[in-house]
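Structures follow.
Each of the next two complexes has chain A plus one other chain: chain B in the first, chain C in the second.
Moving on, here comes the complex of A and B:
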C-alpha cells in the first residue's frame, strides 16, 4: 500500500511537471501576444511550443572551440533534475508526496541552491565569452536571491514548528501564511524569479549578451534547458502555493484541485512578468537585494518569531 | 539490502570524485568534483538518519564551491578557468603527507571504539541538534556567528566598489601617498594613470 502511494506520488510529479511546463509555455505566448497588441490565438499557441521544439531539434548542432563537453551536456540535465527534486518536495494532497522527508523545506532549499551550479556550468562550459559573462552574472544574482529565499521559507516554517511541508500546510488551517506574514509571499516570488532567471531577473541569458549563458547551446540541450527553466518556475509556484496559500486546504473540492488552482494563480503572474517588467541591471539588483530585500526578509522572520512566541504562551 | 548498496555506491562516488579533484586541470572542474564528493557524503549522512545535516551540507556546499571556483579563477588571472593547470605540486612531499594522513585516518577507522548502540526509535535528530546548538552551546555558536558576520561585513566594506578610498572603478590614491608627495604630483599621476595595477603574472 505504501509502495503504491509512492508510485502514485512519483507519477503525479511527472504529470504536474509536463502539464505545468506546457501551461507555462502557453501562457507565455498568450501574454506576449496580448502585450504586443497582436491577435491572441490560444489554439495556435498550443501548437507553437511543439513547433519550436521540433525546429530546434532538427537544426544542426553547433559547437565551440574546445568546450568542456561533459559539463556542457550535464548542465541542462542537472537543472531539470534539481527542479524535479524541488517539485517532489511539495505535497499535492495529504499523503501524496514523492519525497516524504522530515525536512522538506531543507530539501527544496538544497535543490534550489544547486541551481547556481547548473547555470554557471551552462555558461562556463562552451569556452565562449558571452555565455561565460552570463554564468558569472548568475553567481552574483544567486548570492543575492538565496538569502531572502531561505529566510522567508524558514519564517513560513516557524508557525508549524516543523521543517516538513505537510505540517506547514496544516498550520495554515485558520489563517494562511500570506495574511500572517504579509512580507513573505512577495519576497518569495521575487527570489523565485531570480531562481528561474526569468523576466526582470533573466540576467544570465539577457539580450544584451545575445542570449548569454545559453547562447552557444543548440539542439536537444537547448530544448531541455528551456523545459528545465520552466520547471523551476512551476516548482517555485507549487512551493509558494503550499507554504503561503494554504496548499490543499479549501472547501468543497478535493485537496489536489485546490493545490493545482493555487499553483496556477502564482504561476501565471510569474510568467507574465517577462512581458510587463523590464530586465533589471545586475548591479542594481544586487544592491537592492542586499540593501532592501534581505533586511525585509529578516523583518519577516522576526515578525514570524514574535507571533510564534505569543502563540506559545 | 538497498541501504547497503546505496551506502557503498555513494561511498565509492565520494572517494572517486575526491580523487578526481586532484586530477582535474581546471579550478572550476576541481571545485565541482569536490562538490560531488561533498554531496555523496551528504547522502551518506541522510542514510545515517542525520537527514537535516546531510541536506544542509549539500545546500551549503552548492554555494560555497561556486564561490571558491570564482575566487580561484580570479586569483589565477585566468578569466575562463579553462587554461590547463595542475592541482598537484611538490610531489614527493605530497605523497608522504598523503600516505601518512591516509594511514592515520585508516588506523582511526580500524582501532577506534565506535558506539554500537543503535539510535533509539522516535528520536528527532533535527530537534536534538537544535537543542544542542541553541541550548548548552548557545554562547559559543552565537559568538562565532557574530564574529563571522562582522568579518564578512568588514571584507565587503574593504572590497566594495564604493570603498573608503573612492570608487574602485575610478582608481584611487592611498591617504599616506597624499601626505608624503606634493598634492600636485599625486593629481598629475592619477590623471595619467588612473588605476596603477601590477600584474602578478608579469614576471612568470
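Moving on, here comes the complex of A and C:
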C-alpha cells in the first residue's frame, strides 16, 4: 500500500514537472507576445516550445577550447535533479508526497541551496570569459536570495511546529500563511526569482553577457538547461502554494485541483516578471537584499514567533 | 533517421535562428530584422542555425566573422547580403590586398526583403539534411604552441603568469576589497550583441569588475568601413549628410531623428532584459507618424514609471560636465548639461521655437531621458515644420551628434571609453556603452565623408 503510494507520488511529480514546464513556457510566450504588441495566438504558442526543442535537438553539441567536459555535461542534469528534489518535497494532495521526510522544508532548502553549484559549473566549465562572469555573479548574489528564502520558509513552519510540509499545510486550515505572515509570500517570490535566475534576477544569463552562463551551450544541453530552469520556477511556485496559500485546502474540489490552481496562480506572475521588470544590477540587488529584504524576512520570522508564542498560551 | 526527419518537420515551423554580423551600409536593414516573425536574432552563435553576414566588412571584421561561424554548432549555414550585390567584403586601408572570403557555400541574396524567407529556406534545408553543413573556415589549432617553461610548464612563475597557447594566464592582483584575485585579459567584440557592431575592447577583468580597458588597434576599433570603393551613404545617414550642403525638409530630418532614437531605445530595452517591450518600441519606430504621436507619449510615460529601468541606469556611466565639454556635442553631452545643438544655429529651427533638450545629471538615466524627450520633441517639430527646409550651414545635428565638424561624437566617445569603464561591474559597463549610442561607422570615417559631401 505504502509502496504504491510512493509510485503514484513519484509519477505525479513527473507529470507535474512536465506539465509545469510546458505551462511556464506557454505563459512566457503569451505574455511576451502581448507585451510586444503582437497578436496572441494561444494554439501556436502551445506548439512553439516543441518546435524550438526540435530545432535545438538537431544541433550538435559543440565544445570550447579545453573545457571541463564532465562538469559541463553534469551542470544541466544537476540543476534538473535539484529542482525535481525540491518539487518532490511538496505534497500535491493529502498523502501524495514523493519525498515523505520529517523535515521537508529542510530538504527543499538544501536542494535549492545547491542550485548555486549547478549554475556556477555551467558558467565555469566551458572555459570562456562571459559564461564565467555569469557564474561569478550567481555566487556573488547567492546569499542575497538564499537567506530570505530560508528565513521565510522557517517562519511559515513556525505555526505548524513542524518542519514537515503536510503539517504546515494543515496548520493553515483556519488562516492561510499569506494572511498570517503578509511579508512571507512577497519575499519568498522575490527570492524564488533569484533562485531560478529569472526576469529581473536573470543575472548569470543576462543579455549584457549575451546569454552568460549558457552562452556556449548548444544542442541537447541547451534544451536541458532551459527545462531545468523552468522546473526550478515550478518547484518554487508549488512550494509557495503549499506553505503560503494553504496547499490542497479548499472547498468542493479535490485537494490536488486546489494545489494545481494555487501553483499556477504563483507561477504566472513569476514568469511574467521577465517582460515587465528590467534586470537589476548585481551589486544593487545585493545591497538592497542585505539592507531591506533580509531585515524584512527577520521581521517576518519574529512576527511568526510571537504569534506562535501567543497561540501556545 | 525517422526521428531526425520528424524533428526536422517539427522544427520547420520555428523561426530561423540567426546570429547577425553587421558591417557598413547595413544599419538600415539590421535593426528591423528583429521584427520579422520568420527570424529569431540570437545572442550567441551557439544558438544559431544561420550566420547572417550583412553589409561590407573589412579584414579584421571578416576574420572575426569566420571565428563566429566556426563557433556555430552544425548543421549551420551562411547567408550574406551586401549593397550593390558585391561580395560583402571590403579592402584594408592600403587597398591592394583583397581579403579572401572565408565562406565557401554561403547563400547570397540581393534584395534585403528576401533575407527572412531565404534564411528560413536555408535553415530547413540544413536541418532536414538536404544541404550539407557549412565546413569550418579556420584550422582547429592552438593560436600558439604551449611553451614548456618554468616549474609548471606554462612559462610563468609558480602557478600564474606566462602565455600558454599564446594567451596570458590569469595573474593575481589586489581587488577593491583588498583580496588577491585572478585578473584575466579578455578581448570583447567586434560582434558582442549588446555592443555596437565593430567595437573591440581589450578588457582586464577581476571577477566581474573591469580593471583596465584599452582599444587594441585603430584598425580594429575603427574598421575601415566606408573607404572601399565609393563611400555610399544610405537611408538616415544619407539624409543627414545631404543636409550639410542642401536644404532638406525639417520634417524628414526630425522623423529620422525620432526613428533613430526609438531604434536605439528598442535595443537598450532588449539589453536591459525587456526584450518583448523592446520589440514593441521597434514596431513603433517603424510605424510612427508625426501627426499621431500619442503612442510615443504613452511610451515615454511607461518608461518614466518603470522603476526597474531607473534602478539599472541611475548614477551609472557618469559623464562629467568637463568630459561633456570635450565632446563635439550630441545627446550624451546634452544629458550632462552641455546645451550645444547644431539646430540652435539654424534659423529654420529658430522660427519653429526650437530649444535643445538639456539635463544636468550626466548618467545613463539622463541619456535615456534626453533621447526619449528628443524623440518626442522631434515628432512635435516635424508636425509644426510643415514644408519648411533646413538651412545648410555646414553643420548638421545628427542623432548621435553634430555631423560636419572636425571630429565625430562617436569617435570621441570611443576614445573616452577606457577611462569611463574602469572600475565598473560588467553589467554597468554594458549599460554605459549602450547608453552612449556609439555609431561605429560614424566613428570610422565621419570627417572625410563630410568633407567629400561638402566638396561635391
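Note that the second predicted complex is superposed on the first by the 313 of 313 C-alpha atoms of A that agree within 3 Å, B and C clash if a C-alpha of one lies under 4 Å from a C-alpha of the other, contacts with A are read in each partner's own complex, and residues count from 1 in each chain.
Basically, contacts are C-beta pairs under 8 Å (C-beta built on N, C-alpha and C of every residue); 3 or more make two chains touch, one makes a residue touch a chain.
The model shown is predicted, which means the values in this text are computed figures rather than measured ones.
After overlaying the two complexes on the shared chain, residue contacts for A:68 are found with chain B alone; chain C is out of touch. Of the two partner chains placed around the shared chain by superposition, chain B is the only one that A:109 touches, whereas chain C remains out of contact. For chain A, the partner touching the most residues, choosing from chain B and chain C, is C. Touch criterion met: A:60 reaches chain C, while chain B stays clear of it.
In the superposed model, A:216 lies in contact with chain C only, and not with chain B.
In the superposed pair of complexes, A:120 makes contact with chain B only, with no contact to chain C. By the document's definition of touching, neither partner reaches A:6: not chain B, not chain C. Contacts of A:136 after superposition on the shared chain: both chain B and chain C are touched.
Of the two partner chains placed by the overlay, only chain C lies in contact with A:33; chain B stays clear of it.
By the touch criterion defined above, A:199 reaches chain C but does not reach chain B. Overlap of the chain B and chain C contact sets on chain A: residues 136.
Residues 26, 28-29, 32, 35, 51-52, 55-56, 58-60, 62-63, 65-67, 69-70, 79-82, 124, 126 of chain B are the ones that touch chain A when the two sit in their complex. Considering their complex, residues 4, 7-8, 10-11, 13-14, 17, 43-44, 46-47, 49, 71-75, 123, 127, 142, 165, 184, 186, 192-194, 205, 207-208, 269-277, 279-280, 283, 306, 308-309, 311-312, 316, 425-428, 430-431 of chain C touch chain A. Residues 66, 68, 71, 101-103, 106-107, 109-110, 113-114, 116-117, 120-121, 124, 127, 132, 136, 139, 142-143, 146, 163 of chain A are the ones touching chain B in the complex. Against chain C, in their complex, chain A makes its touches with residues 31-33, 35-38, 47-48, 50-52, 54-62, 65, 129, 133, 136-137, 140, 199-200, 202-203, 206-211, 215-219, 222, 274-284.
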